[in-house]
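Each of the next two complexes has chain A plus one more chain, namely chain B in the first and chain C in the second.
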Partner chain A sequence: MLNLINTSFDNCIKCTVCTTRCPVAEANPDYPGPKQAGPDGERLRIKNPELYDEALKHCTNCKRCEVACPSGVHVGTVIQLAKAKHGGFKKGPREFMLSHTDLMGSLSSPAAPVVNTVTRLKPVKKLLDKTLGIDERRTLPKYTGQTFRSWFNKQSGTQEQFKRKISFFHGCFTNYNDPTVGKHLVSVLNAMNIGVSLMKKEKCCGVPLIANGFFDKARKNAELNMNQFARSLTETECVIATEPSCTMTLRDEYPEVLDVDNSEVKDRIFFASAFIAREFARGNQPDMKPVKLRVAYHSPCHLIKAGGVIHTMELLNSIPGLEVIMLDQKCCGLSGTYGFKKENYSTSQSIGQGIFDQIEALGVDYVVTDCESCKMQVEMNTGHTVLHPLTLLAQSLT
Partner chain B sequence: MKYNSIIIGGGLAGLTSAIRCAEAGLKTALISAGDSALTFASGSIDVLGIRQNNSLVQYPFEEISHLPSGHPYQKLGAGQVKQSLHFFTGQMAKAGIQMSSHGQQNHSRLTALGAIRPTWLSQPGTKALSIAAPAAGLRRVAIINIAGFRDFQPALVAAGMKKHPEFAGVEFTVADINAETVNINARNAYELRSLEMARLLKRDLFSQPKGLTIFASAIQKAAGNADLVVLPSVLAVENGNELISQLEAHTGLHICELATLPPSLPGMRMANALRQRYRELGGLLLEGDEVLSGYFDNNKLNSIKTRLNPSMPLEADHFILATGSFFSRGLDSNQSSLTDKTFNLDVVEAGQREQWSNERFLNGHQHGFSYFGIETNERFNPYQNGKAITNLYCAGGVLGGFNPVAEASAGGVAISTGWFAANQIIAQRSGSSGTAK
Partner chain C sequence: MPEDELSFQDKFITSCHTAGIRAEALTPKEALRIEPNVNPQLLGAVRVPDGTIDPFRLTASNILDAEEYGGRLMNYTRVTGLIIENGRVCGVHCMNIKTGELIDIRALQVVNAAGIWGQQITEYADLSIRMFPAKGSLLIVDYRINSMVINRCRKPADADILVPGDTISLIGTTSEKIPYSDIENIRVTPNEVETLLAEGEKLCPIMAKTRVLRAYCGVRPLVSLGDDPSGRNISRGIVLVDHGKADALPGLITITGGKLMTYRLMAEMATDAVAKNLGNTRHCETAEKPLPGANGKNADVHAPQVSIPVSGSAKYRHGERAAKFLSDDKKQNAIICECEMVTRGEIEYAVNNLNAKDLVDLRRRTRIGMGPCQGEMCSCRAAGIVSEMTHADNSENALDSIGEFLQERWKGVRPILWGDAMREADFSYWVYDNLLGYNQLQSLPAPVSEQLFTEQDDNVAVEAA
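Up next, the complex of A and B:
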């Protein structure tokens, strides 16, 4: 199933630009960096898979190397596929737990108060650290007692009344952990006279599965999602996601990494900010009242890769009274499940340090970012609360 | 979504114009497909260093009036070229790098092949030599490498310098510093590029309390009492210039860093500083997206389409095309013709394929292809099918009519044409009152 004869990595001119931008290679010199792990290594691996290098496990799939490469080489993807092809993933219980976000969510959410209390207890965290290798210094994500879908079901009648409708891919985090962003999306779109509908069924987009080597499961999810999208798009304009990594995966990684054809629907998958910014530009902008705050905006790696930063900035700048300072475009270091693993903890923290320092020095009211994983990392490491851009938009609705 | 100005290409030309626009308060976006030639460049800015007959230029600004009429500098005139470089130096200083020149005069810089090249503006870590007498005051030169680092060959530098008659009487020492001496612990030293060496040095040496003194004494031991110590630029990315001056204070030696094979740390330093400056001014930087085409109407560019957001064209009042030359894929060629890949603009006549280059690549003669590029009017507006596009400007390596390598003018042309394009936009806007929010 994997693309075995793709030699596009040979466009590499060995300039090492990718390595200059790799946050992991900078924080951890044991990682040989994207050039060696990617195109250089691939040449050798094609010849002899035994030359597979253990060090590949350090890559977080942040895609910064791809953004920087002047020759258009898909460096991050080459590395992920090499790991998959040559058995480079460790797929123990920890990996299973961290990556099967929808399964974990559906188990934990009904017992949320208990789960949330338990996962914050020191002895429990110690136990998880010792038995599974989930670093005890990490704050674990909380679960919600009422999933987004169950909240939405009570709304669906109202949503039916709108003439225009979009489909919302809520993702695991909004559904099981914190439905706030989903609720805010609904209120912002409704204020623009657009109704929201959900897919009959949706599965995790696959980001954590890909990152942990569960490619078959990710591919099954992708196929299910694409079927659902096709069905849903007969009645709605497009599919919208609020999580940058989900959007990037649904739109770009399905064909590139999972070999799942999404060409029929690809052009109708949008990052929420992109869709809303386009509506604003066409004149469909709700009345907004000033939000007098000074905020720092952190751009998530996968949003940079997907070309979405411009739309989020456009929206933030359209909120009257809001002062937005763009942070340096550096990785926060968590990368979804990566930073939860004990062996990556110090690398993860040292990657993010630049961002944490900058935030503390700016003296802002809030930090804003589109990504839930970045939010967890920044809240754990700074004294600041992190908001989603849609939350600020929702606040400015009159 | 509408901007006052959109700049395409994040190299020296694009960043200079983006900073100028953002500083003037224009709502500005810069889109760049990948990193630019700065990651390869020496970190000095060449303005104009070599004449057609291969003789060295001492006073670059005076030389401008002798250039052929289609040359970008001729359209700007010496005064504007000077002003633009002044602007650039100021912006670099605000981003923490104090670049220096010798009044109106060029100076010489060393290359990693031991060649002596004329240039006009250098970072402090690049020790400027005299243009007329580069070996003046030098009796002993020590060229030092960190053992195992393969992107720098001290013997090659020495051999190159010795070829220069000026250096005939100079004594050369070639030496290595042992990795163990300075405590660095690499996975495999032979795989290291300059950047990786800098990261290791930071982790294993310079972050230790005695790191600087350990390295200083290793240099002293290797260099003896040389008048000039030449090191590959592998010591640090961000604060490399400061580190060199600290080492000079510790050793009492005169230390010069040379950019190695890519990546070039002095070039990266410059690119980082410019990006940082642009962001501080509130500019929007979009990296990793590529402009695929434009919607033209009535001799104007209305909007552009990008690879990552093809269904959402970006509009602007003005655009600057700074996509670089062949290397950055701004220009493209096939068997018979040359094109601007982005908008298919008219290019400086390329002639027959056989005349594009010399038979021998490095025989010291100029190659035809170096002059290729987009043709523009006096205001640097390009043409499409013979008609000037009035709200689009071209800047830097994508321009035709000059030979960046042979005349040593790449950086100066990029900066001055980028600055000029931004000025044109600012001037037009201050004439009108509309805002584009």
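Up next, the complex of A and C:
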């Protein structure tokens, strides 16, 4: 018998809206959808844990079901926790490699040129496909030779001159793969007379760890991060993250999924767009030059969940000359590590097809999105370069 | 619980031991480990051998077993009188309450096992068995909050037992004397709901935030043996009367009293009495023979394509008989009731093999409509299947069936109409009435499908639709 703590599944009125919004259920007939995998299945699992359905493995934790639910059921969380409780995660070397992003980053980044060349070689991709099950058709993320932290430390002196300060949670991708967004955040905030500081230490927020079932490791990271946040917040106004999934995890998943109390700092964790949009609204808006571009904006699932799309749109709309077309709010299909797995490749691609087609048909200059994983997926599947909103903002300042 | 006397525990344990029942005292910590949702304020606990049965499964299995031995079930057939010829009961006059058809059934021996209605049956022969109707109400909650029966360790009182049953738990029961004339018109009162919830919460505090699915009441067929206003101390003993001996009216035997716990023994006693009157002295074997489906969830049924929640639920309900409908046929595996994982195959099996003629029957055989949505998702789907199987082309029948079913569900939901149960009921109403236009369809002169079928010209038919 379980100790029933999270019983949000009990609020489900069976309207099935969640299932109509689930990208996986739409693309993969083997997945019974969030209603059945979540609240319906939970009653059965409480009755008898043997009634666990292994089809739950197909869920990507995109959280679209939760956004859609009119009853406040934490559908995605119910599913993740059920997977964790009932051994529903396959935790092989591939899962380890894909999910331990900070470990892989700290190993690969120093040897970036070599790693980047090697991982683009056909035979290597074949090997990864055959031995680990990482689909050979995927473009693997590149690593940066100079991490964001080492770049930042070299210029951190300039941050001292600002009276106002925020702490920046850079996340794994910005640090090890591509520091561009981090650099742009620094220049945008500096233009607004706000200085940036980093936590003494930060660990991966845990989103890939949760998605692959490494809950203990994720919890450890969460505890370290929360300690660091508390310390850092004694000197700064708030913590800002530029990656939607990190933001959602730090704020919502820590207490809900990992049972890590973040109530002390939760209200001071902001998604970059939300913070900047609020500053703009208060009059702290630097002069902006026109950026004459036509772009399509793709809203990432986890940003929809975190409720931040509106802020990003506000920022984009504040850039003079920029024409922004909002794409349909559909999932790109990569879902972090999910789409890298060989068995998910075709589902992942067919989920994203709608977005790819829409982008191709629009003929825009760039695609814009806040999420690194969406960026990878769109760049691999369309001829377009994908920019972060902060990059456009930075461009309008110079 | 702190408010109960701890001394009762010792008395309880000693009494168990005297009666030869194992009883072992547990520390609060041990009790919480076994049942984590139990009230952490408990002072102590006693573990006794206890179990639960599923009344729906048990009934269906008994019927199936009887039919396999040549018995015949006539549902919805009310006994309206006894056929008495030459001072002997030779059968019963009946009426089919659905069709109004009058039927006479003749038999060498008639057994009156009509529960609380037993008094009425004997009255047909001017005999008197005084029943003592005691109404009991209970609440069904959305999911299992306990895995074994949890009982308050105190003198029997209202709402002192929490029973897990299939996917739900139920808190019961109240006990209230009612006049015999009221047995057809009982309802759960707000006071009873309040008592059940307040006391239930003391057993498991989680009940305070758990959705109540429905309230239910029934009448205990107690036989009056004393003058006890609450009905609590009345004997739950078995009463077997051979009216040939007792009242010089041969051909009629009444079996009543007892509890579900003793139902099989009661059946054996009644059957032995019948057999004796018929001159059959063979020893009764039912105690040694498992009922159909007795293997339950351990049944060895092979259907690899069926998902575990579906096959597991089917096996739990039908045991080895699930093999009759669990297959790799995609159409058969379509899930009709999503709360309880009932497939099209199971519904067809229940219609064909378990005397389910409409949705209300089907619910008792399969659990459709018993989950949190109380029929919202499955009623129309299942009605279509049953209608297809039993009354081809008669959509009116399907509509009636949906209406009757949802009304019956509504009856149980009404006493607990707040919170999520209210949202759910409102949503169901919206779906069936506002979206599907149930009430308008009902008042149409003829079923829509018939109008369509009689129209030869497709275009006209579409316009008419």
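Methods note: the second predicted complex is superposed on the first by the 393 of 398 C-alpha atoms of A that agree within 3 Å, B and C clash if a C-alpha of one lies under 4 Å from a C-alpha of the other, contacts with A are read in each partner's own complex, and residues count from 1 in each chain.
Note that a contact is a pair of C-beta atoms (placed from the backbone, for glycine too) under 8 Å apart; a residue touches a chain by one contact, two chains touch by 3 or more.
Computed from a predicted model, the values in this text were never measured in an experiment.
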Chain C versus chain B on the shared chain A, clash or fit after superposition: clash
Which superposed partner A:132 touches (first chain B, second chain C, both, neither): neither
Partner chain in contact with A:25 - chain B first, chain C second, else both or neither: first
Touching partner for A:267 - first (chain B), second (chain C), both, neither: first
Chain B versus chain C as contact partner of A:316, first or second or both or neither: neither
Which of chain B and chain C A:69 touches, first, second, both or neither: first
Chain B versus chain C as contact partner of A:53, first or second or both or neither: second
Partner chain in contact with A:17 - chain B first, chain C second, else both or neither: first
Touched partner set for A:43, first chain B, second chain C, both or neither: second
Which of chain B and chain C A:306 touches, first, second, both or neither: first
Selected from 5-13, 23-31 or 185-193: the stretch of chain B that, after superposition, runs into chain C: 185-193
Contact residues common to both interfaces of chain A (with chain B and with chain C): 15-16, 32, 36, 71
Residue numbers on chain A that touch chain C, as the complex places them: 1-4, 7, 9-16, 32, 35-36, 39-44, 46-48, 50-55, 71
For the chain A and chain B complex, residues of the former touching the latter: 15-17, 19-21, 25-26, 29-30, 32-33, 36, 66-72, 267, 274, 277-278, 281, 304-311, 313-314, 326, 328-329
Residue numbers on chain C that touch chain A, as the complex places them: 34-37, 142-147, 166-167, 206, 209-211, 297, 307-309, 312-313, 316, 335, 338-339, 341, 371-373, 376-377, 420, 423-424, 427
Residues on chain B engaged by chain A in the complex (per definition of touch): 1-2, 29, 33-36, 39-40, 186-187, 191, 193, 195-196, 199-200, 203, 262-263, 268, 276, 279, 282, 284-289, 306-312, 314, 328-329
